[in-house]
Amino acid sequence: MRQMSGRTRAIAVTLRLLSLVLVLAVWQWYGNQPAHVATPPPTKVFPALWDAILHQDLLGRTWGTLVEVAVGLAISLAFGIIVGFAIALFPWAKDTLDPLVDAAYAMPTIMLIPIIGVYTGLGFRGRIFIVFLYVALVIVVSTSVGVREVDSKLLETAHAFGLKGLNLFRKVLFPAALSHIAAGTAIGVSRAVRGAVAAELLLITANLGGFIVDMQAKFNNRALIAGILWTLFIGYALYEAALWVERRITPWRATSS
Amino acid sequence: MSISTDTAGPLVESAPSPGRTWLKSLAGRRWFRRLVVWSFLAAVYQVVAYIVGPFYLPTLQAIIGGAIDLGRDGSLTTMASALVQMVIGFALSIVVGIPLGVAMGASRLVDYVLGFYVKGMFVTSLIAVLPLLIIVFGFGLAYRVSVVFLFAVFFIILNTAAGVRDVDPQLVAMGRAFGASRWRRAATITLPSALPFAIAGIRIGLANAFGGMILAELWIARDFGQIMLGLAYNRDLPKFLALLVIVTLLASFSAAGLKAFEKWLTPWSRSTRDR
Amino acid sequence: MPEPNHTPTPSDGSAFLEVRNVNKTFTHARNKSARMQALKDVSFTMKPGTFLSIVGPSGCGKSTLLRLIDGLQTADSGEILIGGRPVRGPGLDRGLVFQSPNLLPWRTAIGNVGFGLESLGIRGAEKTKRAKALLDTVGLADFADFYPSQLSGGMQQRVGLARALAIDPAMLLMDEPFAAVDAQTKLVLQEELERIWLLDEKSVVFITHDVDEAIFLSDVVLVMSKSPGEIIDTVTVDFPRPRNFDIRGSAEFAALVRRLLDALRHTRPAGAFE
């Protein structure tokens, strides 16, 4: 948050709270209209959320989704950092892979879901692969940008001190690129959640996505909206957690919002 | 390029060193490197496709054949109408996103109140919202437009806001020193400064609009979505992969088109930033 | 020659610029108890048509003083009068030339000069004609359609000068305009500036940390100390104009340089937030 004077800040906080109240009030009003039976108001959705946590194993399903996120993210990091360094350090790789990375960025990942089962099966492996497709590119790009932006003076100093090969990588290149990689990972986390939920909704129903599909099939709209809100909340919470970790890993960087 | 009459004459391009063999000079060329590596990758794909068989990977010529079939059986026409719906949603996201971004960039108060929701929606899984959108909008145009809109709009808002915030305070001080009013400063200093950011947001937004369009179609399994799912269920890999390539090329070219547009619109920037 | 004073003089109508007992203190953005007094009780007067320089070590508050005169910032106490009227904000009677040229990157050289003209409401063909003439004055007639990124630092500074001249101000305020250009270019630009100044002898307040530059250009040089910024000496320079490179080698020039350096040496050493 940028600097605000005390009074402006008080107004801002009040307005934000008011806007939250307003959103809830409008939703309550909208949901209570007889014509909108399909979209129940918050007074019915939040009890349904509590009920789902107590009786429908929502937390267990969330854990399943988080495992997919974690495994997919770990594989993406390993792959992305290696390819990212390759693109940054070898001109051949940069010249030839950059346009492919661009094209891969342009490709709607979601379109692969209908055929991914052909190669991975529809189970856990397939979902992990989709998470990987969502995340890996971001890591590749942030790593290569990070390595390319390593200060050339820093490199000269390292050479002057005789650092070479693995030592150069460990002591200079990697830490210098780390802040970009950490930033890319924070974005990667939110993309991983997106990929996991997309796979659970479209590939084969499971975990959080499965909950949403179940409730939709049962026309239980209270629990459906509760599940959607919960999924959005999990994505947001994970992203904030990733930002927190990013700040801890690279304390020398000025904090960004 | 920097020209200086104050000190020196024009720069002389350094002559190529005579010792280079033709092969070495060729290896330094980008097009040559691409030709080598891409041909290699294509060859590897082709070999793998022959080994695993058409049940897993269609050959390149089969994919090209699939593209021709898609044109003959009218699939591409259905895709075109899905693209039109996407363009509507995307246009809406620009019309809404730019003013919101400007407001968020110009006012800390607006940023604090609105930015809370925008950033929240930006990082969450909007895919989960689809069932709700169907409840509210049904299966028609409004649903598809709203999905594309939600997928694109947050990138446009956040980038525009960042652009407005990024304006060099020294230039603003210059404007004040030269008696420029608030509106003149906005038109001559803030707007051109924020423009590249806004266009970058639109470019990323467009890539996401394609994703949103595909998602909206797959979820309801009608029209274009029905075609895609039908090809996948029948394991018609040549046609499906051809469709994937066509959509990817369309998305790439429209992104490249926006990049060219940005370059044309901002001739002062010596090189456009990579992404 | 005007005779600037350390003590406020009663306005007798002949002074064009009057700075009276100006104080300015900055507070650290985070740590409110850290304060730095940038200007302490600064007073001087200046007659119209004078080229006045203020020299001082970097960070002594001389740029702050210039921004106060332009009205971009306001003083904590004291008054600044131009033609007898207090400064309330930036105005078109003053043309500012910045240390970094602050050209609009999206406008060509002629477009940037046009920015000044637009402040006067001049548009269309008249704007183009006058902007071309101004570029000619600063020696950039052939570079009208170049973007700032295609120009050298010295050339960018010339465009900045042309932009300030475009509003035809009664006074030019120049904030270390040649601090960032190389030594040779600087000498050329100094002579150019004198030539342009002699065209209509506007009042100029010129900020610099370069003693040679101040003497070469000015009628009057004020010496400022650091932390807090105070005026500690006033030197009158009366070499005939137009001046040329040769005066730099003269004994009088050397004596003036010596005097200014002496005054500067006795200013207090650098101290940041206290």
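The letters A, B and C name the chains in turn, as written, and every chain counts its residues from 1.
Criterion: contacts are C-beta pairs under 8 Å (C-beta built on N, C-alpha and C of every residue); 3 or more make two chains touch, one makes a residue touch a chain.
Treat the numbers as computed from the prediction; the structure is a model and nothing was measured.
Note on connectivity: the fewest steps through touching chains from subunit B to subunit C is 1. When chain centres are set by their Cα atoms, the one at the greatest distance from subunit A is C. For this pair, subunit B with subunit C, the centres built from the Cα atoms lie 47 Å apart. Note: centroid distance subunit A to subunit B, computed from Cα atoms, is 19 Å. Separation between the centroids of subunit A and subunit C, computed from CA atoms only, is 53 Å.
Considering their complex, residues 30, 33-34, 36-38, 56, 108-109, 112-113, 116-117, 120-121, 123-132, 135-136, 207, 210-211, 213-215, 218-219, 228-229, 231-233, 235, 237, 240-241, 243-244, 247-248, 251-252, 255, 275 of subunit B touch subunit A.
The residues of subunit A lying in touch with subunit B in their complex are 1-2, 4, 8, 11-13, 15-16, 19, 38-39, 92, 95-97, 99, 102-103, 105-115, 118-119, 141, 190, 193-194, 197-198, 201-202, 208-209, 212-213, 216, 221, 224-225, 227-228, 231-233, 235-236, 239.
On subunit C, the positions that touch subunit B within their shared complex are 70, 72, 90-92, 94, 96, 98, 100, 102, 104-107, 115-116, 118-119, 143, 146-152, 154-155, 163, 167, 181-182, 184-185, 188.
By the touch rule above, subunit B contacts subunit C in their complex via residues 1-7, 168, 170-171, 173-174, 176-180, 184, 188-189, 192-193, 266-270.
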